[in-house]
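Naming follows writing order (A, B, C, D, E and F), and every chain is counted from residue 1.
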Amino acid sequence: MSSLDPVILFFLLGACAGLAKAELRLPASIYDFVSTLLLLAIGLKGGVELARAGEGIPPVELAALLALGFGLPIPVFLVARYLGRLTRADAASLGAHYGSVSVGTFAVLIGHLAAQGIPYEARAPVWVVVLEVPAILAGIVLARGFGGDVAWKPLLRELLLGRSIVLLLGGLAIGWISGPDGTAAIQPLFFGLFKGILALFLLEMGLIAATQLGALKQNAVFLVLFGVLMPLFGATVGALLGRAIGLSPGGIFVLATLAASASYIAAPTAMRTAVPEANPALSLTASLAVTFPFNILVGIPIYHRLATLVASF
Amino acid sequence: MSSLDPVILFFLLGACAGLAKAELRLPASIYDFVSTLLLLAIGLKGGVELARAGEGIPPVELAALLALGFGLPIPVFLVARYLGRLTRADAASLGAHYGSVSVGTFAVLIGHLAAQGIPYEARAPVWVVVLEVPAILAGIVLARGFGGDVAWKPLLRELLLGRSIVLLLGGLAIGWISGPDGTAAIQPLFFGLFKGILALFLLEMGLIAATQLGALKQNAVFLVLFGVLMPLFGATVGALLGRAIGLSPGGIFVLATLAASASYIAAPTAMRTAVPEANPALSLTASLAVTFPFNILVGIPIYHRLATLVASF
Amino acid sequence: MSSLDPVILFFLLGACAGLAKAELRLPASIYDFVSTLLLLAIGLKGGVELARAGEGIPPVELAALLALGFGLPIPVFLVARYLGRLTRADAASLGAHYGSVSVGTFAVLIGHLAAQGIPYEARAPVWVVVLEVPAILAGIVLARGFGGDVAWKPLLRELLLGRSIVLLLGGLAIGWISGPDGTAAIQPLFFGLFKGILALFLLEMGLIAATQLGALKQNAVFLVLFGVLMPLFGATVGALLGRAIGLSPGGIFVLATLAASASYIAAPTAMRTAVPEANPALSLTASLAVTFPFNILVGIPIYHRLATLVASF
Amino acid sequence: MVTIVTESALERTLVAELESLGVRGFTITDARGKGSRGLRQSDWAQEGNIRVEVICDPAVADRIAARVREKFYDHYAMILFMQDVSVLRSDKF
Amino acid sequence: MVTIVTESALERTLVAELESLGVRGFTITDARGKGSRGLRQSDWAQEGNIRVEVICDPAVADRIAARVREKFYDHYAMILFMQDVSVLRSDKF
Amino acid sequence: MVTIVTESALERTLVAELESLGVRGFTITDARGKGSRGLRQSDWAQEGNIRVEVICDPAVADRIAARVREKFYDHYAMILFMQDVSVLRSDKF
């Protein structure tokens, strides 16, 4: 685990400031600015690497990702419904959140991989895009059944045109079209400042996570256990799947981390519209205040070892 | 035309996202931040070059610019009034918009010139400053006549103290006073990140232009034709004038592009106050949703050839 | 004094634009963004230097700083009360403002020291943290007496958890833990862009100071004299104290400048809550519209000579 | 005039609903607040409130209240209140 | 109380007009909305609305309405409405 | 409904005061304005205003007005006014 990455320290600073109720609020527009830069940078980086490698995405991989996305919510739902004794709506909402992915966690992982010089598939940002939506759809079906009274068309439109998907895919396309040379002039902003921007982002995430922690009163024990154990389960599933479809060790690490991560942007928004009777604070607290910190502080090194282990078989 | 500059791809990304009504809104404060950085950077760059070259501005050049600024609105007005059958106020407003200039287009051009290594007069940012206001005054006179009921004093004050003029001139002055060495410590932000910031700016412009396109219902045919042909006419006038006053080939290119560009900030604001009966959506749609995209996507390469041609005589 | 630093020119640009009432308002969120970056950068820089130097803070130094913080408000109060004939509340409020420190002035100083290659104690950001609060407490006691009706607990909480303290200390801690190598990846944002960000910050400060100058109507003569002479007195006290506790010449320069600077963030906020009958415009105008410009334009070079002089004894 | 304070996330849905009820105009401001569903800060765009004002005749106002109560009131942080206002050029509304 | 919702670009002019009518105070918030002149988003500062509240006695309110109607109502996106309010320390207004 | 316009810096204190008076909810928007204590712009977060709305029964409203008058009115830029509103599901308030 070597020494702590300073970006993680920024998260801790934000979290402490938030817990101490320090007057450190950053305006929402700064969060938008910083997260826009991150999403574009991740996409661009992936696109440039794709252009360099000339890679495509094997259909088997795509199918596996879709299976993971649609499938992972089911065990999550069952655990939450029958072990956690949550309502059907709440359990389905947790399924959507934990089946989907967190771009923030992915950004930390990307920084970590670069710092450690670990190679991985250039198309990894595409995995994020593919994994974001299916679990949310699965969560809605778990709550409503297939025939449920859901306005699927506008919902799908909104999901597929969500901020993170548009910016990631847009960045990917621009990076891929322009290639390493074409993007040279914009690299100082998007690549040179990446870690600094990530630090600011994590400062904000720390503040937000701390505020969210205030909601952790009811179901506290279940939510903490769930928020720690479920990512470990997800990571194992992700790592084994990555091995099965022949990813590189770095790629297995990435897929494990993605499966372990839980959505705190796309899933909450969609569930709020489609399954309004689910308590939004419940899933958001688990995802944002327990699982996100767990993943970036403790989880990533664990998933690294897990991936190395799984890859060695 | 070689390969597409990635900053143009950012514009297209924004435009597609806007047309698809994706949830990609960037807060207005980010637009302010990004455009402030751009304006200061353009000014600083020009100032540093001016300090290096020790150039002044020949009086003949100044006179020619003022003639262009005051004169260009007249043909625009006549075309709009008699071919386009617009009201007097609307035609005059188009005159103001198309006689004035777009700093966004200039920023794209600056990036293009730097990327292609084309030399041009260091004082070009001064041209932008000189060209911004006269056409707006001419447009108001076209709408109201000389004796019209216009509060000229506050209007002139507001125009001459507008954001773009203050930031461009301020940047120019600072760059000129401090010179290349003095500004070394602030160059990483203003020069190093220039293209990246420009990319963000164009992403926003794409979003805004797409939203504005929604207003393109009435007069659609006229506005599209006008928004494409008028810049070609303006570019020709600008190029010939540049040749006549002895600018370098690069300078002719710049003046052609400036004459082709249409204002979407200073002119709309001023016309709203001075000629409120003009329909603001009309000119803004032409300028922002037709001419701006046309210029940065197709126009600039055309004006380049035009300038080379004109310069070769 | 050699040539003018361009960041100072940015301040003048902002001030001129503000005085001319140019439409240059920058949204508050940009101020927050820029000042957050500055505070973190100052902290990080100090932390990295501390890690490199392995320095601690001598207890004598701490005691001297506390004495300076608690003591400086007293002469300020006496001058304002008896020479300036201000109300007790107003005089105490001025005491709080001028006894405390301005992080903006410190940022300009840091930039100046780096540009001139003047070495100073790496722990200087800690001095800022230590000096911020005591004078505010002293000011409140001067207004209310020890037994006064003040809600000390929430007030202290808010002061010690204020934005600048949390970000400076947080940056210091992160820089110190991560060291020069650990922070390498975030240095392009926090160190590379430092001067550029400082330029933007000063542009805003110029605008704000100019707006504040509008309030300089009553007590104008007193406030201008006070706002210029008091920093000279403070600088002398600070320089002598720095000499007495054995700081380096650079350190004496820093402490003189800190003592000369007046708070315009923490002090106004705290006095507004604790001593609401003090006229907030009065102290803020003195501190922001007189002393801040005086210090960065004229004061810093003076304090430099003063420090050299004092150090040479 | 009907005023609704609710979750920002509901903006699109609520506007569509209002328009389906024949509303011709509305004004929205961003807000934060506290109510039975706890604190809603605007630090994070997702978590804030919006404050929607609709000037309309009493019949439409009642229809809005009924629709909002039926569709949103149970599951969303939301309040709705009405006031009498006199408007300039009432034919506009 | 008079409330005016109109284009942000009009802020300076409108404030000057109000002050020329003897108004002693006002409160402005940024807003967005939709009306007869279409959607007005605040994405781009230039395109947003402002919401101006003026507490004043009925005579001044009527003068404001008249002036606004004459000077701005035809050419700008704008609505104006009035409400009765009871104020604390009414001598302030 | 009680509406208070005052200095942003007072937000925490005022909210605490309101809650101590038994208020169950409130809505806050950021604002700027002008009054007897001069212009208050929001360019700089510290200098802006907030506009706080509290829906409550008349008794609480009067208590708020009294408390505010006693504690804040003399030393802070502040106005307070009241209006009658009819609320949906009045048991909420």
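Observations on the model:
One rule holds for everything that comes next: a residue touches a chain if its C-beta (ideal position, glycine included) is under 8 Å from a C-beta of that chain, and two chains touch if they have at least 3 such contacts.
Model, not experiment: these values are computed from the prediction.
Contacts with subunit B and subunit E are shared by no chain at all. Taking each chain's centre as the mean of its C-alpha atoms, the one that lies farthest from the centre of subunit D is C. The chain with its Cα centre farthest from the Cα centre of subunit B is F. Averaged C-alpha coordinates put the centre of subunit A at 41 Å from the centre of subunit B. Work out the mean CA point of subunit C and of subunit D, and you get 45 Å between them.
Put simply, the C-alpha centre of subunit A and that of subunit D have 33 angstrom between them. For subunit F, the set of residues touching two or more other chains reads 29-30, 83.
Contact with two or more other chains is made by residues 26-29, 32-33, 188, 192-193 of subunit B. Viewed as a network of touching protein chains, the structure does not reduce to a path, ring, star or complete graph.
This structure has the following touching chain pairs: A-B, A-C, A-D, B-C, B-E, C-F, D-E, D-F, E-F.
Within the complex formed with subunit A, the residues of subunit C that make contact are 27-29, 32-33, 36-37, 158, 161-163, 166-167, 170, 173-174, 177-178, 182-183, 185-190, 192-193. Contact residues of subunit B toward subunit E in the complex are 25-28, 31-32, 207-208, 211, 215, 265, 268-269, 272-273, 276-277, 281. Listed in rising order, the residues of subunit D touching subunit E in the complex are 1, 15, 24-30, 55, 83-89, 92. Note for the complex: subunit B touches subunit A at residues 3-7, 9-10, 13, 17, 20-24, 26-27, 29-30, 33, 111, 115, 188, 192-193, 195-197, 199-200. In the complex of the two chains, the subunit F residues touching subunit C come out as 7, 9-10, 13, 38, 41-46, 48, 72, 74-76.
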